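Here come two complexes built around chain A, the first alongside chain B, the second alongside chain C.
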Partner chain A sequence: MRHPNGVFVMALSGLGGPEDLIALDRPKGHRIFAFPYLMFAPAFVLIASVSFIPLGYAIVQSFFRSPTLQLGRFVGLSNYGDFFLVRQGIETVQNSLIFVAGTVLIAVPFGFALAMIVNTPIPFRGLFRTILILPWLISNLVGALLWAWIGNPQYGLLPYLLQQIGITMPNIITNPAAAMVSVIVASVWASTPLVMVFVLAALQSVPSDLIEAARIDGASPWRRFRKITLPLVRNTTMMAVVLTSLHAFKSVEIILVMTGGGPNGATETMATKVFHEAFTLLRIGVGSAGAVMIFLLNLVFTLAFVRVLRTEHGA
Partner chain B sequence: MTKRRKDSCRSLAAFAGRFATVLLLGFAVTFALGPIVWAILTSLKGPKEIALYPPTFLPQTLTFENYRSAVFYNETFLRYVFNTALIVVAATVICLVFSAHAAHAVARYKFRGSALLMFAMFSTIMIPGVAVVIPLYLLSVKTGIYDTILVLILVYSAWLTPTLIWLLRGFVNTIPIELEEAGRIDGYSRLAVFYRITLPLMWSGLLAGAVLIFANIWNEFLLGYSLVQSETARVVQVGIYANLTEVGVQWGRLTAAAVTATVPVLIIYTFLQKAFVQGLSGGAVKG
Partner chain C sequence: MSVAVSLRSVRKAFGTVKVIHNIDLEIVPGEFLVLVGPSGCGKSTLLRMIAGLEDVTSGQITIDGEVVNDVDPADRDIAMVFQSYALYPHMTVRDNLMFGLNARGFDAPEKTRRINETAKALGLEQLLDRYPRQLSGGQRQRVAMGRAIVRDPRTFLFDEPLSNLDAQLRVQMRVELKALHKRLKTTAIYVTHDQVEAMTMADRIVLMRGGHIEQIGPPLELYDRPATTFVAQFIGSPTMNMIQGKAKRNGNGHVLETNDGLQLPLPPDARVTNAQSIVLGLRPEHIVVTDAGLPYLVDLTEPLGREILLYGSLGATPICVAPGVRLDVEAGGKVALQYDVAKACVFDAASERSVRHGA
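Now for the complex of A and B:
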């Protein structure tokens, strides 16, 4: 009866396994159950004060019309309506989807393929690994500035080079589709390295004797890949998909630097619209409403993803 | 006969595979290096040559003037580098200490609300940075830490702690629990078990975390730009951005600053590369 709470918790959650041994071996009243909370407390306090409180404030702000930094008049959901319905609001949702899907659908297969290559014993493997990770070590700001400059229709390097071989590059400043492609290219450039490193890390944990055994048994390379490697790196790859999407969905630097959301809103995503509403138009309430929507959509997306992963595991 | 055909077929497939590999690798290297090489070349040119069109590739007259004026003899930029280094070190220590404790707690103990706690932690990864700039500004003004290095240290540590908890939790899971149980039997307290047994085994996870923290903070721009105004507390990315002047972008100076700013991250990464990849696999695969 000295630690009734703990026994109750464990009975409820039906736990087993070695963790419980540690929890049980020395009954000292409630101290045992305070210990993990105390271990977590510093991290929790830090995150609460720097992330939860500002988020809560942004949520409150999204219900007020705030032309200055002070809270203004309560307006209910009208900021949310403003965000989506006024000035190409729906198009920003569409642009976000294109930008995120474009980034993920290119960066993940590309990073995966590169990880497969630099996991095989090729010459200068270490050098290749370092070169391919380089874009990750450069800030989004600098990456975006460099791409905008290289692709610049008037004095950029890329249009010039393409012209030399007889190709006219579409103008990335005035052509809406070309502008979208250019920001996706910069985003892929920045996101591929981390996908590669994640998959590489997972590939290195695949036991090589397993592959070897399958090879001796006569399994083709494709079969070895599908039946052994892929299932073992699947979770990590999915994790990379989630992290890349979350990042692309909320990032603003690349688009703001390269196109500023233009031409005529063609590359304005939800995240850059939040920036423009809050900092250019000083409609902080509308900006907060958009930000809350980005947060909620991210949350729903991640939860759905986790659920899909779980059910596939159960099957 | 059929065997030979099969063999030649297989060697053809192997050749095609190798060809595709070389092609893809060549493309990837060009793609990854292109902007970087261009930045390095530009940083070694004078302003007149940079403005030339069609552009020159190798610098016609090699000059280190950009590095001299924008970086090494530019006291404000050096100050920014120093500030950022200070922030990175402090935030890395805070972040690693806090998240190692928390990761041990969630990996080894089942406690009421742990799942909810983890979920709440991870949900902060999904908060868009632009959303919290204004609240953080107000909050930091109210607490009197606006426009100081301290505000950036706190914000960056809080931002990276959830990711680090996730990474390190996976890492703790790879350490056999029997070691900790043996420690308990030997009479260590719970805390002593963590410090003397678990923590020393976590070093490659901690190093991987340090690389992740370093690269993220060193390259952050948005918050460094909005939460700090005075030069004494400014960070390096804001210093690079300062080369976008009203009379146009000073590409030579900008690329010199950007190239220099990348060197510390590159050095750290090169030294810790192995631990980084290993540490990630501990967190990502088992987590």
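Now for the complex of A and C:
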């Protein structure tokens, strides 16, 4: 069919091959397949407007000293220096690592174990699955408030219960280590369901035939888990590790609500420092520099992960 | 004669649903036994019970004289080939074969020897370092078979191993499998819903229906002397013609009189009484087209190459004729039929059981 503009429009006959796409015939004979780009455009515009444009603006802002969202004076890389060197900047990197590692190292094994349990035919399995997913459905803000109340030194449930059995719980508001533990606990609570859902889906996609074949082959339950189940759910579990890490690295609500970054910066992470710099101290440039660093670190981490996955698939 | 696998009063229920009713069965060493039947007849469940993948609700299963009801599948010394092949997707062919040997603690030289031997026997030598996803359907099937053979078990269990292959490959694998069994002489229990597979491969067929055994016997016995109308119609293609009517005395013997008044001779040894409702079973190849005989109206012809099948009606009863040759008969034509009375089957209409052949 010849299009009025002198462009060939090929028939849309079925799906799959390049012949199904609208092709624009160029004089030199090479074609641009416009159809996929047209389909892709609305999503791209949406994501660009809420994600790429603010990101680009943050990158620009990170080179300026601006008291408001208007660009101020160009200062080169000094905002980056300020972010890391002033007001316990390096400690925030360390705190971020502790917070992320704590969350991932507890939430992933815990979520994995829960997935294994709710994947076995136990009574009330559906009910357990629903209850265990709830923390994921509740906003992090509400979750953080709940944990702040539970752990509150004056009227919290946990210090009270521990007191009944003779244990004095460290004060999560004044004790730096206790404060960090408390925000990690809340973060684990919020992250575990995601891991559980991921791993559960992967476990359910392991064909029962394989497990039965391994049983007949004489493999013990532990060997079946290690040699059959685990390799087959490994990639999905790794994906859960990455998502949990990225989320924890960016997380601000739990820490802001529970400790506000305190006591004395003990729970201030890079993400909460970005918030404090930009919105409390109104140092938009320094905050932007921190946000850009978080973005870059996450990007490197994600790319490294994708590369690892790709190498393994190619093997 | 010793017994390799025996089932005594075996029953299986899933909750309140009974799927296997009181099965008794003995399999002799080296036998190739085929469990065949329509979907849902319980044949796969029975096989899985022998494998130990399903519990036995009541009754007893023994392998080589040992009661195995509570023995783990790993300790039954069986190997199973699954319909899906169940190859471990993250392991190479070599590791797939190795897995069962590792779990059983063979030493390295023995493992290598067995894997090389099996790979050679099944033509897998070039594929040992490939992953299952890099193999064709037929190759995967062979690997699944190899994984069973490499362990040299007491009994092979096959759960519809050929149903995922295309028709041509299925015929080829059928022949290979039979040759393999001849060589290894290991007891094999094979589940299929395909009666052709059952007929061509079995030493004995167990035909199941609704959790019961309908008939056990060598393939040709089931074909020639079916115990019930169900067996008669399940075994054989095209299926056996079934003509309903009543027995009527005629001289010393009986004939079958159809509702539309046709009279068909019955074999003299058919144990029928006057006016008994019966079914006469005629294999299509036992009917011949003649100059004089029963009036037959041809509705349709089906050329198979070697012969042309005729589909038509004898009075009100649809009948298929397999003349064995290419007859020059057109659809719509009228011909006369005769049949080999000695080879006819006779069933009681109410019980559906044979009233001939000593049943």
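Note that in this section the second predicted complex is superposed on the first by the 279 of 315 C-alpha atoms of A that agree within 3 Å, B and C clash if a C-alpha of one lies under 4 Å from a C-alpha of the other, contacts with A are read in each partner's own complex, and residues count from 1 in each chain.
Please note the rule applied: contacts are C-beta pairs under 8 Å (C-beta built on N, C-alpha and C of every residue); 3 or more make two chains touch, one makes a residue touch a chain.
What you see is a predicted model; the values in this text were computed from it and never measured.
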Once both complexes are superposed via chain A, do chain B and chain C end up clashing or fitting? fit
Report for A:K227: first if it touches chain B alone, second if chain C alone, otherwise both or neither. second
Please work out whether A:I294 is in contact with chain B alone, chain C alone, both, or neither, and reply first, second, both or neither. first
Please indicate which partner A:L145 is in contact with in the superposed arrangement: first for chain B, second for chain C, both, or neither. first
With both structures fitted on chain A, tell me whether chain B or chain C touches more of chain A's residues. B
Between chain B (first) and chain C (second), which, if any, makes contact with A:A219: first, second, both or neither? second
Shortest C-alpha to C-alpha distance from chain B to chain C once the two structures are superposed, in angstrom? 10
Show me the chain A residues, by the header's touch rule, that chain B contacts in one structure and chain C contacts in the other. 232
How about chain A: which of its residues touch chain B in the complex? 9-10, 13, 15, 18-23, 25-26, 32-33, 35-37, 39-40, 42-44, 46-47, 49-55, 57-58, 61, 69, 110, 113-114, 117, 122, 128-143, 145-147, 149-150, 154-155, 157, 160, 189, 192-193, 197-198, 200-202, 204-205, 232, 235-236, 239, 246, 249-250, 252-253, 271, 274-275, 278, 284, 287-288, 291-292, 294-295, 298-299, 302
Help me check something: in the complex, which residues belonging to chain C touch chain A? 51-53, 72-75, 78-80, 82, 84, 86, 88-90, 99-100, 103-104, 147, 151
Within their complex, state which residues of chain A touch chain C. 207, 209-210, 212-220, 223, 227-228, 231-232
In the complex, chain B residues that touch chain A: 21, 24-25, 28-29, 31-36, 38-39, 51, 53-55, 94, 97-99, 101-102, 104-106, 108-112, 114, 117, 120-139, 154-155, 157-159, 161-162, 165, 177-178, 180-181, 184-185, 190-191, 194, 215, 218-222, 237, 240-241, 244, 249, 251, 254-255, 258, 261-262, 265-266, 269-270, 273, 276-278, 280-281, 284-285
